[in-house]
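Below, each structure is written out as structure tokens.
The following pair of complexes shares a single chain, subunit A, combined with subunit B in the former and subunit C in the latter.
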Partner chain A sequence: MNDRLSFYRKRNSPVHALNPFTKLILVSALIFYGLTAKGFWTATLMVAFVLLPLALASKLLKEYVGVALKVILPTAGFMFVMQSVFIPGGTTEIFRLGFISVELETVQRSYLIASRIFLFISAFVLLLLTTHPSELMSDLTRRGLPPQFAYVIISTLQIIPQMQAKAQTIIAAQRSRGLDTESSFFKRAGLLVPLVGPLVFGSLVEVEERAIAIEARGFTSTRTKTFLHDIPDTPADKFIRWTLTLFIIISLAARLWLS
Partner chain B sequence: MPNLPLVVENLSFRYRDRQETAIRNISFEAKPGDVLLIAGASGCGKTTLIRCINGLIPRSYKGEMTGSVRVFGEDTSTWKLAQISQKIGTVLQDPERQILGTKVLNEVAFGLENLGLPREEILERVDEALRLLKIFHLRERETFTLSGGEKQKVALAGVLAMRPSILLLDEPLASLDPASALDALDTARFLADQGMTILMVEHRVEDVLRIQPERVMFMSGGEIRYLGSLSGLSKVVNYREVKLRAEEIVERAKQDPPPAEIRILPGAAGKGESEALVKFEDVAFGYESDVEVLHGINLEIRRGDVIAVLGPNGAGKTTFVKHAIGLLKPKKGRVLVNGRDTREASVAQIASTLGYVFQSPSHMLFAPTVREELSFGPKNLHHSKEQIEQEVKEALRIVNLSDKEQDPPLALSFGQQKRVSIAAILAMQSRILVMDEPTAGQDYQNYMNFMDSILQLPSFEAILFITHDVDLAVIYANRVLIVNDGRLIADGKPQDVLRDFDQLKANRLVPTSLLALNLERFPATGRFMRAEALAHI
Partner chain C sequence: MQTGFTSQDFIRFLIVMAVMGVLFGWAYATKRMQKDFSSTMTWVLIPVAIAINISIGQLVVVLKLPVYLDSIGTVLVGVLCGPWAGALAGALSNFVAGIIFDPGWWPWIPVAAVIGLTAGFCANMGFFKTWWKVAVTGFLIALAATITGSPIAVLLGGISASGSSIITAFLLQTGKGIFESVLTTNFLVEPIDKISTSLLAFAILDGLSTRYLARFPRGENAQLNQQKRTIELVIALVVVAILVIVTILFVVPLVNQ
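Moving on to the complex of A and B:
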């Protein structure tokens, strides 16, 4: 089996040992600060000095860098280039290519957006790498999140790797029917239907059947649910959460007061 | 009358978007400790009946329902699903779709957590269910790493942990190897002996007969055609519709004219054995660099071969055959198709000589109509328009779906979808045909018919199929491979490979009545044949 159904990688690390909710708060704090801070380099510095050390502490540096380079960097990079080139509005022209002019201000703004997106996605990736989806679900439900919501969140988190695994099988099945996926890009674009069709239809059927299956096992029962596992929530966890919350409030207050 | 676990009275149902009723006037009752086998062809209404009993009809599937379902004397029409689920447990045909937890322990505990039982009781019940099914060692495993057979057992454990009084099993044996199927049946018998009521929908009637079900229901066209003891079944049903024990078929077939002789692979005849069509040279493979799942496979597929690949769940059979079409490339050694290394050809190129039918039809089907679905492959191979027209018609005839040409494939039943996926490959007119479990989830009459037709097609020079059905190997194969643990354990004529019962047992295969009868008559017949043919020798 080479395909996994979640990003989670088991390690014995202090980050893994944290309560899932603490990690969620941590990610939210990072994202909140990265998105609202005015500094041009803030998001970049946070990736370098918060996320990378956290990944190292989780013993998942290789996996984290792998996802960052293969998935997040291309996404953010693509947005950076498109925005720099096609969004007008700057005054200091750096260079001009035919009718396209690239201005310093646009490049700067694009970098800011791209670096924030990078921070945003990679913070979540780190959460998923270090937290087992079912633990996150149980912990959130225990804290009062309706199980239906928790189920939706978890399904969304799991759907990407699931879709990936399924897409591979579908591509294999259609190649066996002579579909030439190894040909040029334009030819491939036209052949999307046989690949996307089974993926979408299959997922729709699956979602429906799953909904039925969970209902048949009493998911909507109105009784108070039991939780099989205790998910550790240490004083350290509480301390971290309060510190982060306080940090967010103070930084927000400081900004309002300074402006 | 005391309150029986289940009483169904005059039950009829029509799905909202269909014209005709799916089931009509179904009445029966089941006592504690009963195993009731429900048999019948695809689309006879078995699954609809199951859904009516477990409450999914009319709660999740809408339509017009009349009659009643009473559980311990109470009409369930006003019950909530959660309430029904405590009395009636259901295991679906495809366990993949029933498993929700990421870990086995969580999966089995899911229903109990929802019921709000104390934690100690949950753990106790989970362990009890796992031990009962002999899968306690899987307790801490991640569910996605399990094989199909293991998943089925885990899904059953999740249902058993809720201690239902009635258990509904929808084709529980479809994806199991013969030994696992026997285990599952023994478990069902055991549970019934403890007082549970078990309704089992299954095509593999002969297998279920081993555990002596108290009663058998045979459905056709949405109605009950037979309901009664086991012994009466063989007198009522046609032996071509339901797979009976070989001796019974022989007895009944004596009165009928002998079946037409089947000329296997007429396209290969007279061309001699010549060169190998597909050649495996010391092939080794692993999905991850450090774990090898196939070891040193050497094999030649020659013209005229009809090969059955047998072996337990998770033995590497699919991994092995995927090498033949180049979907997987060997880590060591090489695979040659028509003398060409699969590393140097694209899958699309190989597809013109070798057609591959995947196990799950949902991975293949996408087109708005069956007709378009079938022309997809030939179009990719640049066949002419007239040729495609012909190929599609012929393929539909073989799988008995000519009347469904304009239907959307995804709206068909599972068995029909499976046949569409086979037809989609047949239409490509390749020289070699490879099928991964072609008969799983199919009813007997249908799969016997299309196997007969496929084997007589003039276009094929060799056929290879993976199966858990030993009788399929007995009837159709002229060569049998046993694969286990990524190795080729045996390769030879059916009468040589299948004679060794110890070897069969070691590879989780179970001798059938047809195999035993064929071995007994072999000195006279000189080859294996179907029971109908044995009747006239």
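Moving on to the complex of A and C:
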């Protein structure tokens, strides 16, 4: 399977060795705390002093910073600038651009939202960098998630590259017949039919065969299923999970108590 | 200025959750939900539908069309397998997009789920059998997606990296509130996208054999009425035109408030 499709990078690090469920709880706890805590700089500080060290510990600092700069920062930065400039309200004017005025309060509010979005996305990116999606799904299945969900996620990740390859083939084939992706709007809209048709019908036809194949392999069986790979779950994992759960309960209680 | 949740937002959120819970419980108790998932075909169609969503979404970018069309697969599942399967397909579609592109897709999971749910309910009422009915379904999907999506957009600050945010920014400058501006923008953008999505899904179903469709739990939803095609198409266009006019009539007072 190609590497580009998931963020996952294999390393030999303590973070990779954690149970996938522990990492999921860890990331959820970080996000939950970052979104509910009161301080203005909380989200920023958490990225700098929790996520970056975690990335360093998982030997993925370069990859993490790369994704953060290439994917997350443009989105969050664009939102910050747009919201600061265009959302009205606030009283302390910083500067004026023609009829648009930029106020201190709006900038602060935009920064708060942008930094929280940055925290949310980058925490999950860290989870995806250190955990293979199918490993996470099979661990969740072992903990009671219906196995059909794992099937859907894992097989989707396998189908998408095949389908993208098919789409490329179809585009190439239609280009050789004179398809022009640079022509006028109505022509381009008309192009959808010869491109979408073969792609969709081809993959829908496979559905029936696939259904018969997995039924023959006991997909609908109600017996307890066994697992091919054993995913380690150490006492340390359990300890971390309980600590984090406790931490979340305490922080939520403190938040409700103080406000 | 207000940031984060207020207690009013929280109460609204609880009401929405309660409505969803009642709907969910009703569907579960009356075994409507179980019917959606009664066949292996549903579970096999969902991954393919997600792949269709993502591939066509990318194709549209290549063709530089001003729509998303990233929920054709979701609508197909909603029609063929039922509303709850459609909701699951939509939700997992955004989940997978979060895994392979960036987790910024995850806040929009409820919107994708509502699209599949609405498509399924409309199809159950027989609203996926002729061109004009499909256009109405597309409009209802857009309405539901707008209602679900706007609060999420406001929570994320109102202006995102998508192109339609320019409209929102413009409305904000004319002195509208954030929620109003986001809602208006979505009302202007969503119907075009969702009606084309539904019509394309309908064209796909039209090309599939009856024998194939009958294998799905709610294949009868897609047994199309074989009638005079050209007249149907004309009616569909008229309906789209009427819906656009209604939208404008509905949105203009909102803007002029």
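Simple rule for what comes next: the second predicted complex is superposed on the first by the 186 of 259 C-alpha atoms of A that agree within 3 Å, B and C clash if a C-alpha of one lies under 4 Å from a C-alpha of the other, contacts with A are read in each partner's own complex, and residues count from 1 in each chain.
By our rule, a contact is a pair of C-beta atoms (placed from the backbone, for glycine too) under 8 Å apart; a residue touches a chain by one contact, two chains touch by 3 or more.
Because the structure is a prediction, the values reported are computed rather than measured.
**Q** Applying the document's definition of touch, where does A:N12 land relative to subunit B and subunit C: first, second, both, or neither?
**A** neither
**Q** Figure out whether A:L228 sits in contact with subunit B (first) or subunit C (second), or with both, or with neither.
**A** In the superposition, A:L228 contacts subunit B only.
**Q** Report the partner of subunit A that touches more of its residues: subunit B or subunit C.
**A** C
**Q** Can A:S134 be said to touch subunit B (first), subunit C (second), both, or neither?
**A** The answer is first: A:S134 touches subunit B but not subunit C.
**Q** Please indicate which partner A:V125 is in contact with in the superposed arrangement: first for subunit B, second for subunit C, both, or neither.
**A** second
**Q** Determine, under the contact definition given at the top, whether A:V207 touches first (subunit B), second (subunit C), both, or neither.
**A** Touch partner of A:V207: subunit C, not subunit B.
**Q** On the A-aligned overlay, A:P198 touches which partner chain: subunit B = first, subunit C = second, or both, or neither?
**A** A:P198: touches subunit B, not subunit C.
**Q** With both complexes overlaid on chain A, does A:T220 touch subunit B (first), subunit C (second), both or neither?
**A** After superposing on A, A:T220 lies in contact with both subunit B and subunit C.
**Q** Once the shared chain is lined up, is A:Q83 touching subunit B (first), subunit C (second), both, or neither of them?
**A** Touch status of A:Q83: second partner only.
**Q** According to the stated criteria, A:A173 is in contact with first (subunit B), second (subunit C), both, or neither; which is it?
**A** first
**Q** Could you give the residue numbers on subunit A that contact subunit B in one complex and subunit C in the other?
**A** In subunit A, residues 5-6, 133, 166, 181, 197, 201, 206, 210-211, 214-215, 219-220 are touched by subunit B and also by subunit C.
**Q** Considering only the defined contacts, which subunit A positions touch subunit B in the complex?
**A** By the definition above, subunit A touches subunit B via 1-6, 132-134, 158, 166, 169-170, 172-182, 193-194, 197-198, 201-202, 205-206, 209-221, 223-228.
**Q** Please name which positions on subunit B make contact with subunit A in the complex.
**A** 54-56, 60, 80-82, 85-86, 90, 92, 97-98, 100-103, 105-106, 109-119, 122-123, 142, 144-145, 158-159, 162, 287-288, 322, 325, 327, 346-348, 351-352, 355-356, 358, 360, 362-367, 376-377, 380-381, 410, 424-425, 428
**Q** Give the list of subunit C residues in touch with subunit A in this complex.
**A** 1, 3, 37, 39-41, 43-48, 50-52, 54-56, 58-60, 62-65, 69, 72, 92, 95-96, 98-100, 102-104, 106-107, 156-161, 165, 168-169, 172-173, 175, 178, 200, 204, 207-208, 212, 215
**Q** Applying the document's contact rule, which stretches of subunit A touch subunit C when the two form their complex?
**A** Interface residues on the subunit A side: 5-7, 67, 71-72, 74-75, 78-79, 82-83, 85-90, 99-100, 105-106, 109-110, 112-114, 117, 120-121, 124-125, 128, 133, 148-149, 151-153, 155-157, 159-160, 162-164, 166-167, 171, 181, 185, 188-189, 191-192, 195-197, 199-201, 203-204, 206-208, 210-211, 214-215, 219-220.
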